[in-house]
Amino acid sequence: MENKISKIGVFTSGGDAPGMNAAIRAVVRACTYYDKTSLGIMRGYEGMIEGDVIKLDARSVGNILQRGGTVLKSARSKEFRTPEGRKKAYDNIKKQGIDALIAIGGDGTFTGLHKFYEEFGVPSICIPGTIDNDLAGTDYTIGYDTATNTAVEAIDRIRDTALSHNRLFFIEVMGRHSGYIAINSGIAGGAAAVIIPEEATSFDELWELLEEGGKTNKKSNLVVVAEGSKIGDAHALARQVKERSSYFDIKVTVLGHLQRGGAPTYFDRVLASHMGVGAVEGLLQGKSDVMVGVRDRKIVYNKFDDIMSKIHEIDAESLRIAKILSI
Amino acid sequence: MENKISKIGVFTSGGDAPGMNAAIRAVVRACTYYDKTSLGIMRGYEGMIEGDVIKLDARSVGNILQRGGTVLKSARSKEFRTPEGRKKAYDNIKKQGIDALIAIGGDGTFTGLHKFYEEFGVPSICIPGTIDNDLAGTDYTIGYDTATNTAVEAIDRIRDTALSHNRLFFIEVMGRHSGYIAINSGIAGGAAAVIIPEEATSFDELWELLEEGGKTNKKSNLVVVAEGSKIGDAHALARQVKERSSYFDIKVTVLGHLQRGGAPTYFDRVLASHMGVGAVEGLLQGKSDVMVGVRDRKIVYNKFDDIMSKIHEIDAESLRIAKILSI
Amino acid sequence: MENKISKIGVFTSGGDAPGMNAAIRAVVRACTYYDKTSLGIMRGYEGMIEGDVIKLDARSVGNILQRGGTVLKSARSKEFRTPEGRKKAYDNIKKQGIDALIAIGGDGTFTGLHKFYEEFGVPSICIPGTIDNDLAGTDYTIGYDTATNTAVEAIDRIRDTALSHNRLFFIEVMGRHSGYIAINSGIAGGAAAVIIPEEATSFDELWELLEEGGKTNKKSNLVVVAEGSKIGDAHALARQVKERSSYFDIKVTVLGHLQRGGAPTYFDRVLASHMGVGAVEGLLQGKSDVMVGVRDRKIVYNKFDDIMSKIHEIDAESLRIAKILSI
Amino acid sequence: MENKISKIGVFTSGGDAPGMNAAIRAVVRACTYYDKTSLGIMRGYEGMIEGDVIKLDARSVGNILQRGGTVLKSARSKEFRTPEGRKKAYDNIKKQGIDALIAIGGDGTFTGLHKFYEEFGVPSICIPGTIDNDLAGTDYTIGYDTATNTAVEAIDRIRDTALSHNRLFFIEVMGRHSGYIAINSGIAGGAAAVIIPEEATSFDELWELLEEGGKTNKKSNLVVVAEGSKIGDAHALARQVKERSSYFDIKVTVLGHLQRGGAPTYFDRVLASHMGVGAVEGLLQGKSDVMVGVRDRKIVYNKFDDIMSKIHEIDAESLRIAKILSI
């Protein structure tokens, strides 16, 4: 079975995440190790449709594992959502002699590749690369560790000012559907409260927490808000607090895209390295339509349907800890 | 003359800036060196009015020079703007036996201290501590070097994403009246354009620059916008570009308060150390109503009126260089 | 059972590790949460013998979770190894009314506490705080994540020079008995080879790897050597390579103590937070003579004897990945 | 005069320094701006002799200004020290049509180019790129600001451990002939003492300082030692202190090559940008055999002979400040 695959195409798609380059490097070097050829498809599905493909070897991925972003670039492709677009992509892949695909990205990327696999049967494996850590089937996604550290560094800076002025800060971090970055940067940043999409904190509960902190003379008050907050974004929450009391001197910072970039942490590089090798080895073992993941520090492969039907739930223990420590 | 001063009160006021703690430490240790007593006045003029004063010695300022923010805290004081408030402050200072003052802050802080000096004649020196570098009479203010590096690190992260997606980013940095952070983080961040309060770039000129970059196939497009932009803030500029063309995939990031905090750079710590010693020595030499500054790497003292009547102009050469390099 | 414990003493001992302060804070705030009193014992067993103890409450541990080192300080105590020393320590503990102990440190710390528990029966729990990640019974120790990132940042800097000069660098990282920092900073730093205490790499094998890299035109050559290397330290290995061939331009850097300090990563802060709360809850549940750990993202408690009889083995998979990627 | 030069060759030589890439980029983009052609000579004089030359344009230097090291690589060339080597280099330069040279490096680089200029008359300008800041004719050299910040970050980490254990650390920083990094990282790192090549501190004076710190209960003791110390390196000094007293718990860290790499600070990028443009404009104005520098924030050009006959003296004021603050 193994010898049927000889040319593997790798690409990145969706939002970029730190560690994607480490994953690309691992895929390419694992190909070299197993005497397979690797090709890089530029700009995700867009480059697949346009035939924008480059040759990659062990040397061409030198000195990239420490860089943020993706050297293969990424793009959103409307055309790939059409049957005609996917047909074009398939024709290009055949022309290049690519007989298996590895995609690095998030759920949008996976959905596209799943459809493509169903239509054309090209062996395919996905690597979870997204800062949100919002995918079932893996304990961690590539980029999440770095993004959370970036958020915490920013919170540390903001705390300097909060402490110096006895201010209340609302800090918005990424996570449209997932509170992973928020809850963990909140614990690590010593937040008084964390607002995440998964948990039904009401504004009154938030208010109570802030009031209590005031009473017990808490030195700084930071509230970390996930993008996907159900009770209003950071600006909206700040406004509501202001309306209820003039006690607090309030500021808002939205960290935004700065959480996506930067040199990946060791954790993301090592995770990406394991997953990149795991993806190649999975293909060579005949796996397809799966996502490679890491559970309890071991490589696992989960079927696309299994992953997409579940959500990556927030650890209830973390929520509990966050509350105890914000005393 | 020297021996008239025996107890110096030091305080921080206005927005905090990285390096303020290094300045406090330098003031206190210089006092120890010259056998003077130093007292810390908490929360600026607020603490002066309330008599919130602590004793400081060489040991109590240990292990603070690497910390952002200010251990003496800062606040805005409405009461100090009234004659009654200032009278209270003066009475407290007399009660404490403080016979000279050193303030670390920006122009608002200086104006307050100048008025106080005129009314009560307490010998006073200001140390320029503000990230904006917007004070005449010194080449650099404390905190500016750190803030610009923080902005550049953020821009570096954002560039990873900009490059991966061929996006156009508008990045707003601090500087309500001054383009220092913007122009220098713009040059250092490889910005396609920099919008500052001091220069009359029109939207059409900006548009032209962006279009040219598109033509010559520039890989990333970053526009750095100072808070005090005269042609609209980062969000407004992004909107205008979107309205004129759908060519660009545009995102906006407002760096905000994260530029204020963090461990100061070596430059800010050394600058603060020189200025802190300089302030104490200035007082002992009989100087008053002046700001200590550094010009061409030498300590200088300028009268309050001289400083406040001038602005710290942006180096024309930097504007020229920024344009050549954004080719 | 729970209500028997009302005053918990916490201390740090052995080499400091980033995240120890976050663990102290978590212990103290969990005590507040469960209406228990917490005392800080200064300088480990030394302070226990001398009765150097401070009161801690939720506010006194504010603004420390982001700091490296330990606010309770650490020391080695010869006297505690004697029965007389331990008796003194016990008397002090009784005098203070402390009825349970939480120690943060490594195996030396644990051994001391175990002996103390056997002799005096004071309920005791250990929290693993050491950068080496060399303790069985937990997937991660506090400080390891930060130290590995610090090592990787240093390797990234050194790679800039290695690449610019086509040089071979030997970089020595911490780990006297454990290759965790070495293997993971090696993978993350793109090392050509990693020398760890657990694996019997011969000098000839190392030589072969370096030669191969030369042949395939590898751009940089970094060898990461754990302190506990069995075939010579970084300087010795560099000497041997020089003796065998003048082909390589070789430099050595020993990272040393700089790996111990710095602001902890989010991971170490969150780990320390979970463990700190876990230690208090363990004591309240009647556990003693155990180490709190995290296995597969869940809090576990292991008996002292179980932990000390095992070693924390290096993941064989990581060794395999390191080899594939150094192609 | 201006139109005589149409093709400029740029190269880096000697030890790499952060900001060299920003200087290369500035040279190339200034060439584009003035309608000149730019070529990159690889590996300094080595590549000149071998004819290893690449074409550079505005796009090929995109996304390099934030990277440490040098994309043109660097090497030491023995052959260039011979008349035959220089003749070969000259022939290659003629063949390529290069009619002016810009070298980025330190005094060794400049001496080579000066000789070459004297022999063959090729218009030449040097840009000071070295972390040591040891060149007369400029206030700052490229890389110095970054290296000093790197040293200070390392010292900050080490201070965490020093404070936690009440230890004395000797930290060796770069600077074979110059104490710039040492004195400024010493002030910024809160060192108890700084040992530099330019100043005749005796061991007894050092000893006295350390003893005094002990007496006044100084919390940490850090001694920063420049590589070029005249009274022994960090290891030797530590040994001497140990021999005289067992009071101190002493450790040594040699920062080494990690000071050379890393992303340049904003200051180094902006400095390099100004100097790169300044070098091209100098050549076009007919200047030759000069080094471009920055004095009091203005571009200056100094003749090679003027620079080499002077040393870049340490600011006496900094030495004075260092002493006052180590109280």
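Every chain is named by a letter (A, B, C and D) in the order it is written, and numbering of its residues begins at 1.
Quick note on the criterion: a contact is a pair of C-beta atoms (placed from the backbone, for glycine too) under 8 Å apart; a residue touches a chain by one contact, two chains touch by 3 or more.
Worth saying up front: this structure is predicted, and the values here are computed from it rather than measured.
Chemist: Centroid from C-alpha atoms only, then distance chain A to chain C, rounded to Å. What do you get?
Modeler: 28
Chemist: When the centre of a chain is set as the mean of its C-alpha atoms, what distance in Å lies between chain B and chain C?
Modeler: Distance between chain centres: 39 Å.
Chemist: At what distance in angstrom does the C-alpha mean of chain B lie from that of chain A?
Modeler: It comes to 36 Å between the two C-alpha centres.
Chemist: Mark out which residues of chain B touch at least two other chains, giving numbers and ranges.
Modeler: 156, 159, 163
Chemist: Based on the touch definition given at the start, go ahead and assign the chain network to line, ring, star, complete or other.
Modeler: The chain contacts form a single closed ring, each chain touching exactly two others.
Chemist: Among the chains present, which pairs are found to touch?
Modeler: So the chains that touch one another pair up as A-B, A-C, B-D, C-D.
Chemist: Looking at the complex, which residues from chain A come into contact with chain C?
Modeler: 22, 25-26, 29-30, 32-33, 58-59, 62-63, 65-66, 139, 145, 148-149, 151-153, 156, 159, 163, 184-185, 187-190, 216-220, 263, 265-267, 269-270, 273-274, 277, 296-299, 315, 317-318, 321, 324-325, 327
Chemist: In the complex formed with chain C, which residues of chain D make contact?
Modeler: These residues of chain D touch chain C: 12, 15-16, 18, 67-70, 73-75, 150, 154, 156-161, 163-166, 169, 251-262.
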